[in-house]
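In what follows, structures are represented as structure tokens.
Below, chain A partners chain B and then partners chain C, in two separate complexes.
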Partner chain A sequence: MADTLTAVAMPAERDTVAARPSQTRSHNRTRPALAMVAPAFVLMCLLLLGPLLGVIALSFTDYQLGSPSFSWIGLANYQDMLADRVFWISLRNTLTYVAIVVPSAVALGLAVALLIESGGSLRAWYRTIYFLPVMATLIATSIVWEFMLHPQFGLINGLLHGIGFEGFSWLQDRRTALYALCVIGIWQALGFNMVLFLAGLVSIPRQLYDAAEIDGAHGAWARFRLVTWPMLGPTTVFVVVITGIRSFQVFDTVHVLTKGGPSKSSEVLIHTMYIESFEFFRSGYGAALTVVFLVFVLLLTLVKSALANRGVHYA
Partner chain B sequence: MAKIELNGVRKTFDSAEIIKGIDLAIEDGEFIALIGPSGCGKSTLLRIIAGLEPQSSGEVRIDSIPVDGIRASARNLAMVFQSYALYPHLNVFDNIAVPLRMRRHSALARIPLVGRLLPERARTERGIREDVERVAAQLELSGLLKRKPGQLSGGQRQRVAVGRAIVRQPVGFLFDEPLSNLDAKLRVHMRAELAQLHRQLKATFVYVTHDQAEAMTMSSRIAVMIEGNIVQIGTPAEVYENPRDIRVAEFVGSPKINVMPGLVRADGGLEVLGRSLGLDTPAPAGRCSICVRPERIEPDAGTGAISGTVVHLENLGAEAFVHVRVDRVELPLVARVNHDRRLPAIGSAIDLAFPASAVRAFDAAGRRIEATAPVRSGRVREKALG
Partner chain C sequence: MTPRHRSIVWSVARHALLLSGAALVLLPFLWMISTASKPQTEIFTKSIHFIPYSFALWDNFATAFDKATLWRFLLNGGVVTASIFALQVLIALPAAYALAKLRFVGREVLFALVLFCILIPPQATAIPVFLLFHKLGILDSYAALIVPFTISAFGIFLMRQFFKTMPDDLIEAARMDGISEFGIVWRVMLPTAIPALTAFGIFSVVAHWNDYFWPLIVLNSEHLRTPPLGVASFRNEEAGTNYGPLMAAAIVIIAPLVVAFLLAQRRFIEGITLTGIK
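Entry: the complex of A and B
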């Protein structure tokens, strides 16, 4: 969200600067320029900066949802947070989730895209199949996953029994709950990444592969290293950051399947935030958690823009 | 250095036959140009020679060895692409070094980081550095080695692509319209550079282009391809002076050769626009086309000549082209006029003539037909018209 809005607003500002031919004529041009930027600027303030400042302000209060008054308590919410065991657990779980989902979903998305691209027939069919999870409502698919992961009559344990393994009670076991959620997260993110990688692959000029072949890169791996991977650089940066941000935001599956349990083993940041704000009505504390979450998203965005400026190649 | 032979090469895409049985022997060290209008299959033929595209039938031999099952990378040919196909993420040095690294390093040594630990890698890399720097100096790229392709001009990119091709000293070079992305001035300059390069390397050059000027100026032989066939092979002068097919005559030469409707009389005499040319032909009677190059047409020829109206003038300084509309001729005839002649005004009437030796006659199917001046009246009929 933050990304798209700034992306829309930025070119508008740049254009007005570029449209100014000389300093002498600048001041009678400034006003129309400002007028043209104004709608985007107002929208940005209303939809983005305003709420953001509101949340930051709220995190310095003891406001409770529905209560008629509040008082400023400075950094007390943050002090509470640092002392709160649940915060640390949910932060660790979130980071674990991101660390597992991002590399797997990116690597698998790339692998599937490469396979689809190299295969001849049924391309559209495979594309649709892999993209289906992205289009389906996550809440609904979560319920399907719940059936599949059911300890007694779930499909997955059934299959495991079939080949002679003992199943798990995946979502009710502290050891497996978070990882089961990771698998669902990967399954869900994979299709989206695949589509982005497919778009990236299509835009690689065919002549580069011809040149690589002539230059002696005759293995699939050599071709991948010499042409595909570098040419996908900008796409990869984008996919990693988008998957990262979406993984940080993991909530639906957690809320539907585990509610953070058992015993907080699958508790994640946004879920903690939701519980604190809307079940315990500690809105001030919830806002402080939100600020921490935003810092992580901001870091990812900064990494992206730094890499994007370096990694884009114009052929 | 290599001799490249094609025997009965055909290529079919889906049901369309793109290349219809090509036999071609390219001599060692020869500079041959494949020319033809777009879509004639010349680039496909080049890709078949390179090994980037398998032929549907027929055989390709390099130095008498059939290479049909051999991959492009193993044929030891270099190719320069129309878009240059430089690796945009690598700088000039690395771009030129790619073919050497692919060949000289083992697969293990090419693995990032791990490869650096191998002792022989450093030694090979030193050899590669020397070779790349030698080629860069030869192509005047030494100052640009650290730049990325995106920071180079078109001509510089072109030179990097050539550098990448020559650095590993292949047996032959394939060029796929390498100059068509350059501006006109640079193209003329690069033409001279490529011809110079060929003299230096003495390697086999196969050069695909749709620009007949490039083919005429650089190559030792031209193969004209039309609709999947090689219609004529010969030196530039031969192809220009003695086209064996009307399509060759029309494709080679700028401006285009003048085509006029003609007739072979029952007695074997040739006629154009109802006038006798004073030429005999062994061809059977019927319709034919009479073609004359613009530089052989003389304006202001006086009575008895073909008369028409000037419709357009192109003054190029050193020469000018006069376009003349003539009744019963589809396109205006073009006459080349030297700069010292006064140009006629647009709309004015003009008489055109040409010598009998300038006539190239083609039958209704487009094949060249012999036209000779009868011995008995050779001197009198020296001028065909006028």
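Entry: the complex of A and C
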């Protein structure tokens, strides 16, 4: 109604005296609008978009920090990378880490959320406790984990000895280092996933459970299989992708606890990238590693939007 | 079993499962507090006990504050996170308002760029930004810690979505009163946006208080270290000899956020799960 009114009124106005004021008024707002977005736009170009293009461009050069000149070397960095044993170890470790942390942290997050939702008492308490590791500075908690995993005086080995097992030098042993980091990763990610699942669970309409009951779905498992799991579809995809992206970014625990060792057994992509770029200052090569990392993150994002568009709801 | 019995059994099972899980999740925190309360001799022993025989928490805190300039790290953390958030708001709020409520050339393109920028992981831009700061000669400074995060595409997106839901009448009325467009952002939109801003603030502060990657890259000087860098360097210096004070330092670094979280849990969970939208 209002739209039609202005549509009718506008041409008449424009032909008469009102033409100038209305023009200047809209002009007045374009200028402040541009002034308002200008700082954000400039900073976005300078600190996000530019560097993103920069890192891709850099990956085709032999630039090293401090060197006076550089040249385009095409795909040489990528060829070096593919020929480098460390890159393959690093990639395999990262994928292993993701393959362990994502399913575990998602399944445990879901399990805890379901358990919390299934009863009425102490909900807030449990939620708070499980969420605590998400809040706590990972570097600080990593150092606590390191002491717990101490070969001689650590709590974990102490408990293992108590029940008659031989302990491990968890972080100093190439057979266990990566898995120890996985455990810390799961411990930290679980609470975040739990909260996302709790939000998903709350939004499932109660009537669906009643309807399922009428259709003969008795028992917790039937309710879960027929209502909860399908309705949580979008949430689950989301949680999997988020956990996946975060796991690909794993760095803090690795850098503080193992430095990728022993003998590269816990070397991961971002850590390799950090060492190459900021310890050896091989910026070009580091940029190539960054591009590989970006490709993986991008793939995960695409998976998310592809599934979201297909409406996983009813899968 | 009657349904009543079944529900009691289930309730017991639920608590048993959740409590054992909670114990595992809390274990590192409990062990941290326990170790921070023990004297050296009790730490280097193979017998496991949570309650220390002699209570050394204050000694360990004193040693930690003495050896590791913890106050400085906390101060740096406060300065850096507060500056980042203030600048993020200063830059994002007007942009979000313009994107939500004003019509201008290139609005759709700009919004698409914002959505794209949300997807860029911080590790991806590290090398070029580092080289840029090297050229500008501002590595190893507060500026180096703050500037890269002054632009939050996610913050712009979030506030834009929030402003979209605000009635145009409110803005029209403000214009009638002769308030400029910039005035509207700070005097009309900002006060109504406090809940959304709080959530974003928590998200931002937690992310940057805990950030390790970027400070590690740009910092050299000890006096600029942020809390995670500080506690990591304390650990490197002590090289696994002085666990009591080290755990005490960990408590100090973790405490500000955890205490704030315990006081305002709902807001914190809201704020941090905002990353979910990301």
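The criterion applied here is as follows: the second predicted complex is superposed on the first by the 263 of 315 C-alpha atoms of A that agree within 3 Å, B and C clash if a C-alpha of one lies under 4 Å from a C-alpha of the other, contacts with A are read in each partner's own complex, and residues count from 1 in each chain.
To be clear about the criterion, contacts are C-beta pairs under 8 Å (C-beta built on N, C-alpha and C of every residue); 3 or more make two chains touch, one makes a residue touch a chain.
In this text, all values refer to a predicted model and were calculated from it rather than measured experimentally.
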Do chain B and chain C fit side by side on chain A in the superposed arrangement, or is it a clash? fit
Which partner does A:78 reach: the first (chain B), the second (chain C), both, or neither? neither
Which chain, chain B or chain C, ends up touching more residues of chain A in the combined arrangement? C
Between chain B (first) and chain C (second), which, if any, makes contact with A:179: first, second, both or neither? neither
In the superposed arrangement, which partner chain does A:296 touch: chain B (first), chain C (second), both, or neither? neither
Per the contact definition in the header, classify A:231: touching chain B only (first), chain C only (second), both, or neither. first
For A:208, decide between first (touching chain B), second (touching chain C), both and neither. first
Just chain B (first), just chain C (second), both, or neither: which does A:50 touch? second
According to the stated criteria, A:70 is in contact with first (chain B), second (chain C), both, or neither; which is it? neither
Minimal inter-chain CA distance - chain C and chain B, angstrom: 7
If we count contacts the way the header does, which residues on chain A are in touch with chain C in the complex? 26, 29-30, 32-37, 39-41, 43-44, 46-52, 54-55, 58, 65, 112, 115-116, 118-119, 121-122, 124, 126-141, 143-148, 150, 152-153, 155, 158-159, 161-162, 187, 190-192, 195-196, 199, 238, 242, 245, 249, 251-252, 255-256, 270, 273-274, 277-278, 283, 286-287, 290, 293-294, 297-298, 301
Where on chain C does chain A make contact in their complex? 10-11, 14-15, 17-18, 21-22, 24-29, 31-32, 35, 43-48, 91-92, 94-95, 97-99, 102-105, 107, 110, 113-114, 116-117, 119-121, 123-132, 134, 147-148, 150-151, 153, 156, 180-182, 185, 206, 209-210, 212-213, 216-217, 227-229, 231-232, 235, 240, 243, 246-247, 249-250, 253-254, 257-258, 261-262, 265, 268-269, 272-273, 275-276, 278
Tell me, which parts of chain A touch chain B in their complex? 205, 207-208, 210-219, 222, 225-227, 230-231, 233, 313-315
Where on chain B is chain A touching in the complex? 47, 50-52, 71-74, 77-79, 81-83, 85-90, 98-99, 102-103, 107, 110, 148-150, 164
